[in-house]
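Chain nomenclature is as follows: A, B and C, assigned in order of appearance, with residue numbering initiated at 1 for each chain independently.
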């Protein structure tokens, strides 16, 4: 469904953020991208929808190659990739409803969006999504009145209303407390399952990643070091990704928590 | 409690900025009515404007060939006078502003002093430069002295107010630490207050020098010295190339001052 | 090191000797420049007039008081004109300042190499020149009257508004813009959804702030013939009708105070 071929990103400063990354993601697979800060996780995600222009290599979304697209065609393809951000990235001075509907911007014309005259179908879908994440009451509140967890839910709605085939999720839990983090991760994974979406979730919390995803990719210095199921993440593997550290504690605590969560 | 079923199929509208409908429409209608009234009462002599377009074009073209030479003597004298007024007025204005700013900061000055200093600031801010200049020219006669006094007076209102606000918002703990060491009032100001407000003082002073120069360019219109008189004459005689030259010099000096103040502010902060 | 030996004792000084020398030279040059400026001013001054100033000031005061209150009936229209000059000038300048600001802000300019310098040039040149000078210029071009005043205020305000606005644009949160871009929004939609909501409060604040300043400036535009209450002021000054001058000054003062009050209220309501 999504295929990266020899994707390279070299910044103007000369830093090589991605070194020829190859990756193939089948339909409906939820994948976690782990790795230390600066490993190129964010860059990788942003190179897929070209918020960051890759230096070379190809990105195939279905049959379409993205890196060579004109800006108009790129916008059409971006509609198929919903993105969820670390700091929620809601437009804080707009209402919750406007934020959700902004996910439809790629589908409606400028004046319609400017006058907030969205098709009824979009409005209904927005309400349905808000209801699904439990924020129906908040529709007319301004985004900056919401708590962190609530904002991230709105961010999820905005990504889903695009009717995407793929979710790009950049550190969805980095600004949240542990409990909310899990709720958000669970919500994202449930929604992916319901709608059969593939997702790349960029996350630094290894335990959380193991808990929810089917496949883990370990990134180090812009290259893939590990690719496998979550239970194959042994201390040795973590050491190759992150460097020397006592990993037993991390993994064990995961198991305990896993039981708790699994109920 | 609203449920999903109630919302589905319903149109959605962004909640209006002003909740009360009558107030929203009242404001909107009032503003529209004002605009219409204003449009109707502004008399525009369009034929005169049309004639003027040609002169406007000439003026813009004059910027491509400004004439610095023909009136170079007048320009030079006027510019020098403007600069002299700016420098002198800035020095005196800043020097007087500092004690007034201390007096106008509630955390430094006792109440009677505070009230006096605040009223000085209020008067200086309420009166415009050009009006002060008219009065001072009437009193002191034509020439740069009136301009110098005008600019000094205006500097006091501007600088004292902003500086006083800065003093009022300074870090109390630092100032108290100095007081606790047994410092006298002057020592306290010198060690506890001055270091905190110095960067802002320098930044504001640079900004005010910039404003003083720009203002000094118009004081000549009412006879208070500076380049304004030369500029006015060149407009009256339709000597657009000379006017363009003067305006260019003003713009260049203002740009240079802004650049300089940027460097100085970056260094003190 | 600002610590040096003096007769076997360590003496601490704030500055090294070279630094303190440079410091003194700087002060000396400063004082010399000021002395020169003062000497020039004093040369150009007729000191006899200055010594006579208190008497003249007293004279003017006695002539100007009491103000000629009944003259207020003739000031209605000039006050209305003054308000219009300020308001229309502000509106026109805002319409023009918005595109200039977007072209000047680093993160929205289409070309940092060609268009941004032009936008910055527009900002600096309209800002550097006082509205009275713009009025003089426009009167020479399109003739005296309220219209010249409106345009003068509008031009003068472009630079001011555009500068504050483009600084606000440069300070926006880029991730919000990124998020809107990622939905597949067009360039204009990104502007309307990602940027405009973020700068709207700043924009409203700037508009009201500039309107306040423009009320002040438009009261004196009449001195050069660009309409408003300044026309009456200059006419009264020409015939030395001091009681009328006194009344006009009071009216201007009131206008300034009221506009400052209104602008403070509105800004308080927005933020």
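In this text, a contact is a pair of C-beta atoms (placed from the backbone, for glycine too) under 8 Å apart; a residue touches a chain by one contact, two chains touch by 3 or more.
By chain, with names taken from UniProt: A = Phosphonate ABC transporter ATP-binding protein; B, C = Phosphonate ABC transporter, permease protein PhnE.
Owing to the predicted nature of the structure, the values given are computational and were not obtained by experimental measurement.
Novice: Component check with chain B excluded and positions unchanged: what groups of chains do you get?
Specialist: Connectivity check, chain B excluded: one piece.
Novice: Which chain pair shares more contacting C-beta pairs: A-B, or B-C?
Specialist: B-C
Novice: From the C-alpha centre of chain A to that of chain B, how far is it in Å?
Specialist: 50
Novice: Between chain B and chain C, tell me the centre distance in angstrom, where each centre is the average of that chain's C-alpha atoms.
Specialist: That gives a centre separation of 4 Å.
Novice: Two-or-more-chain contact residues of chain A, please, as numbers and ranges.
Specialist: Residues 98 of chain A each touch two or more of the other chains.
Novice: If we count contacts the way the header does, which residues on chain C are in touch with chain A in the complex?
Specialist: Touch residues, chain C against chain A: 173, 175-176, 178-186, 188-189, 192-194, 197-198, 200-201.
Novice: So in the complex, which bits of chain B are touching chain C?
Specialist: 34, 38, 41-45, 48-49, 52-53, 55-56, 59, 80-81, 84-85, 87-88, 91, 126-128, 130-131, 134-135, 138-141, 143-145, 148, 214-215, 217-218, 221-222, 225, 228, 231-232, 235-236, 238, 243, 247, 250-251, 254-255, 258
Novice: Can you name the residues of chain A that touch chain C in the complex?
Specialist: Against chain C, the touching part of chain A is residues 49, 51, 75-79, 81-83, 85, 87, 89-94, 98, 102-107, 110, 113-114, 155, 158, 162, 168.
Novice: Per the contact definition, I'd like the list of chain C residues that touch chain B in the complex.
Specialist: Going by the criterion above, the answer is residues 33-34, 36-38, 40-42, 44-46, 49-50, 53, 56-57, 60, 80-81, 84, 87-88, 124-125, 127-130, 132-133, 136-137, 139-143, 145-147, 150, 216-217, 219-220, 223-224, 233, 237, 249, 252-253, 256-257.
Novice: Which of the residues in chain A come into contact with chain B in the complex?
Specialist: 95, 97-98, 116, 118, 120, 123-124, 126-128, 131, 136-137, 139-140
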